[in-house]
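Some structures to go through are shown next.
Look at the two complexes coming up: chain A is in both, with chain B in one and chain C in the other.
And then the complex of A and B:
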């Protein structure tokens, strides 16, 4: 503790240098934390995917439907536990810019397959009884201030109903939550049967099938069996784990992980060189003072620790400010983009990771000058003047 | 070793390599320094004055022979042990003061006390006393850049005595000062020697400075060539 004052005075002796160096570190950690939070938001669907949940899509691409008859065939595959299905609706509320993710689903099985979603038995029973009922996710309900019993006109930018319009009047019968705050509840689901009966295109198909297996170890075997079952049919299937599908979906806009790694690596490398160089110069300037401290009786390991502490303090000073700024930036963006990136948060995992990098940055940039000071010979240092 | 001897050097050698050549500073140096001495060491450049001071101060190790301080050998101590020994026993005063530019006078004086187990309050008391001793109590908060050479050297003296060491080692303590200031500093060293019993070893080029010492030793080519007492030196100087 006694040395901390010395460390502090050394750190702050050249204010402009301290400002510029810590500003560079500030920028690096601002970028790191903000970009990592963005990556987390994009990957949250991947992270929250159940291990034993598979999705079956048309092999051409996921916008092509599958015959309704596939559902029973998939149910009969060994290792399959529960099966449900869904169809994209493409909804918006009041105006096209106000997109609401809406799917037509099988009400009997949907919440069995998505067991992380929580809905009260009473609300579920009401929903099952009302064909025009809709179950709204908590986040979506909060954004639009919807309550149970509200009648909400939802329009589709894909489908028309048999009246020639594009709007369905749905009644909020329930608001579902999730057993984990990371699970997205920013969407709503309504009856598949009602949708098929009221939309003008007709047909006997579903958008995709979702199933759970008895054991994640069976995933590969089940996926293979399903795809082989529909091989050479008019609608061949592509079955994958939900996690793999979500990851592939996200990667359509680029390999986010690689981009983030690149940005963070470049930022950190630049900062590492800059801070490292600054520390080396700062300690070199103090060669005489270090020799005096050693002469007075300060041990070499103690001086080594003081210099490492100084470089770590510098890293934490800039880094914590950068982290604080990132917290504000991410908080602001999170409110602005709540509809599209519901999980844009600077969570404790990012904070811990950043703290780890700060420590690493401090140690790496401090180790060379600290070692030089450790090895510094008093007589040689004084002889250099 | 007699109880009155603080330092005893026996057959001390100091050599170092420069390229393929081995240069010998001392080959067989013998000396004793008594407790309470104020010893001036003079000699031309390259005579080994500073090397001797480094050996006595434990910042350098001999390549041969023995150095005993207060009855205990110090020539075999490790770097860490020597650092601790220096902190406990030696106060250093340098030609160019060597104060920390980012610390005020009081904090500079406090530096050696950071190596002790004294509390913050005890350290503060000692610092105040040391600054009063050198007449700079009112300059405690001043930065080195705000002080004159004489004041800087007085702060350095306060730093050297604050931990109450047995020995003060002074390397050209007045080399950077005008005559009047130099005399003030030397009087202060004399006071520390006479009133507080500090043993002082001072390396100097200045015969006028050496006058303040109780003994003067002349080094030339690694050997003491002459031993003159204070009176003889004063006569020569005059």
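And then the complex of A and C:
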């Protein structure tokens, strides 16, 4: 107990220095946690992909359509469990800048294939009955404050309605949630059939096909079978796991992501080096006092522990505050940016990582002076002082 | 002694004794360098991206896409509509007729050299007049595509960032095979991230019938956009909107402006952290020399000169860091070619661009850090009564 009081006194002897040092550590961990959360949000699509889910796209590019007839052919492939399909709608709400991710899907099979999405049987039944009904993801509904029963005009920047104009009036029949907070629910889905009947171009194509396999071990075999089936046809396919596809999509953003995170993490470590330097110097100043403590009969290991405790306390003081601030910032940002960046959460893995770095900072900055103190010869220390 | 002489004596002393406080001084330099380098990295990225898009747009080219479609990719223009737009007021001509270019814009997959993964490249279908509309278009290798054949020409950016587009190569998109017959440059702008081929061939291969996606038209010197807008409004068969090409690309170029904002916010927050570190350093450095400063004051140096001396020390260290940071950012990032997903869902190849103006912003930031971290410790050093300073330990 007495030791802790001494540690406390040592920490607070120069209030200004304590403040400045903790502040620098605070900033470093604030940036670390916030930027790591951001990075996690960008990658969440990859982590949240189901193991046995495959996506089939046109080989030319995922923006090119596939013939409708492919759906039946894909269902017939050995090892395929459920099949559904979707079409990109290019939706926006009220203003073109206010994009709303909207897809025209097959209502019967969509929620079977995306089994992590949760929807009540009652809402689903209502949706199946209403041609112009739309199922809205919880996050999207919250952002726009939509309730069940609302009639929402959704416009497309690609398609035209047969009745003229680019707007479809859809009725919110249900709001789906997910069984994990990191799963994206920032989009909505409506009836493919209704979409095809009301848009002016017509045609019988789908954007892409999604399927689940009986077992993840079959993924490769199924993907190969599908692509071989359509080889040399008018529309060749490229089948990959959902995970691989999402990863490739993120990689389209390219190494600028890598550069940014690289730069920020370098800066994080530099701040720690700077702070560490100050902390080491601050303890080194006290060589004389440590000699006094030793003279008074404090054992060397005891002093060693006290110094380490002090440096770790300092690291955790600033670090925990920074982590707390990052939690608030990320919470605020995820409200504000729910539309562009869903899944922005400060998860337990980030907290653990940050705690690890705090401990490391405390130990590294403490160990050198503590070791010096451990080996300190009282006579030479006094002679120098 | 005059204030000037006194100050320069103190400054000289402080600077010459810097090596004695090596670690402290280095910490200060490093703090300032990191903040400046981070700021410049972000700004150079945003700047390069913006320049790549904005330099593509011309003020005297009218750009038509379907109302509400926001980007070429989503738009559609029928053949009859192209003919109607051709008759719009204020459109210039050359020896081949009206300078109007209906174009197609489809996306194909290319393999990025950096990651080995597939990414979206725009394949643009054009007619000969389209080339006449691109300022600073230049073939750097090979020849133009022959209309009606599956030949294409490739932008220098695509050649740099993607695999397999060298002159003479055969490339395959799905079932379709194309031959690369030329490499073109458009002065570093976004068109260099594209593949160009004959519009009619793309219409056939991609089931587009006789439709296009966008129309560009060269304007005469006295043309007014309002007249064209009125013309479209009075023609019920047209559902296009018109803007200058410069305007279209300016909006598209905003895509990475969030990078600049993000960079400024991050480096501002980081500057606060570095500032705390720098202040710590300067306070320690000043309190180490409390007696020396007191001695100076006791032998007749004015408070102001002692103050200026400490300030100068902080500024020099911060400035040194600023230059180091700018230099590091310049060496690491200037001209770095990379590509990213743009608003129109395709890859834009661009280079980081470090300009003197950006470097100045970095230097200013370093000066601010130096000023603040010098001011308070200097103030304290000179406001303590001399007698008290001598009594203090240290």
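Methods note: the second predicted complex is superposed on the first by the 371 of 385 C-alpha atoms of A that agree within 3 Å, B and C clash if a C-alpha of one lies under 4 Å from a C-alpha of the other, contacts with A are read in each partner's own complex, and residues count from 1 in each chain.
Rule of thumb we're sticking to: a residue touches a chain if its C-beta (ideal position, glycine included) is under 8 Å from a C-beta of that chain, and two chains touch if they have at least 3 such contacts.
None of these values were measured; they are calculated from a predicted model.
Student: Once the two structures are overlaid on chain A, check if chain B and chain C clash or fit side by side.
Tutor: They fit: once the shared chain is superposed, the two partners occupy separate space.
Student: Please indicate which partner A:23 is in contact with in the superposed arrangement: first for chain B, second for chain C, both, or neither.
Tutor: The second partner, chain C, only.
Student: Now for A:379: first (chain B), second (chain C), both, or neither, which partner does it touch?
Tutor: first
Student: Could you say whether A:90 touches chain B, chain C, both of them, or neither, answering first, second, both or neither?
Tutor: So A:90 only meets chain C here.
Student: Touch test for A:277: chain B only (first), chain C only (second), both, or neither?
Tutor: second
Student: Give one of first, second, both or neither to describe whether A:158 is in contact with chain B, with chain C, with both, or with none.
Tutor: After superposing on A, A:158 lies in contact with chain C but is clear of chain B.
Student: Is it chain B or chain C that touches the larger share of residues in chain A?
Tutor: C
Student: I'd like to know which partner A:294 touches here: chain B for first, chain C for second, both or neither.
Tutor: first
Student: Check whether A:321 is in contact with chain B, with chain C, with both or with neither, and answer first, second, both or neither.
Tutor: neither
Student: Quote the smallest CA-to-CA distance from chain B to chain C in the superposed model, rounded to whole Å.
Tutor: When the complexes share the chain A frame, the smallest chain B-chain C C-alpha distance is 9 Å.
Student: So which positions on chain A get touched by both chain B and chain C?
Tutor: Correct list for chain A: none, the interfaces share no residue.
Student: Using the touch definition up top, name the residues of chain C that touch chain A in the complex.
Tutor: Going by the criterion above, the answer is residues 23-24, 27, 30-31, 34-35, 37-38, 41-42, 45, 68-71, 73-74, 106-109, 112, 114-115, 117-120, 173-176, 206, 259, 262, 266, 269-270, 272-274, 276-277, 279-281, 283-284, 333, 338-341, 345, 347.
Student: Show me the residue ranges of chain A that touch chain B in the complex, using the header's touch definition.
Tutor: On the chain A side, the touching residues are 2-3, 5-6, 9-10, 12-13, 288-289, 292-301, 378-379.
Student: In the complex of these two chains, what residues of chain B are touching chain A?
Tutor: 54, 57, 59-60, 79-80, 83-88, 92, 94, 98, 100-103, 107, 111-112, 114-115, 159
Student: Looking at the complex, which residues from chain A come into contact with chain C?
Tutor: 16-17, 20-21, 23-24, 26-28, 30-31, 35, 58-61, 63-64, 90, 96, 155, 157-158, 166, 232-236, 247-248, 251-256, 259-260, 263-264, 266-267, 270-271, 273-275, 277-278, 281
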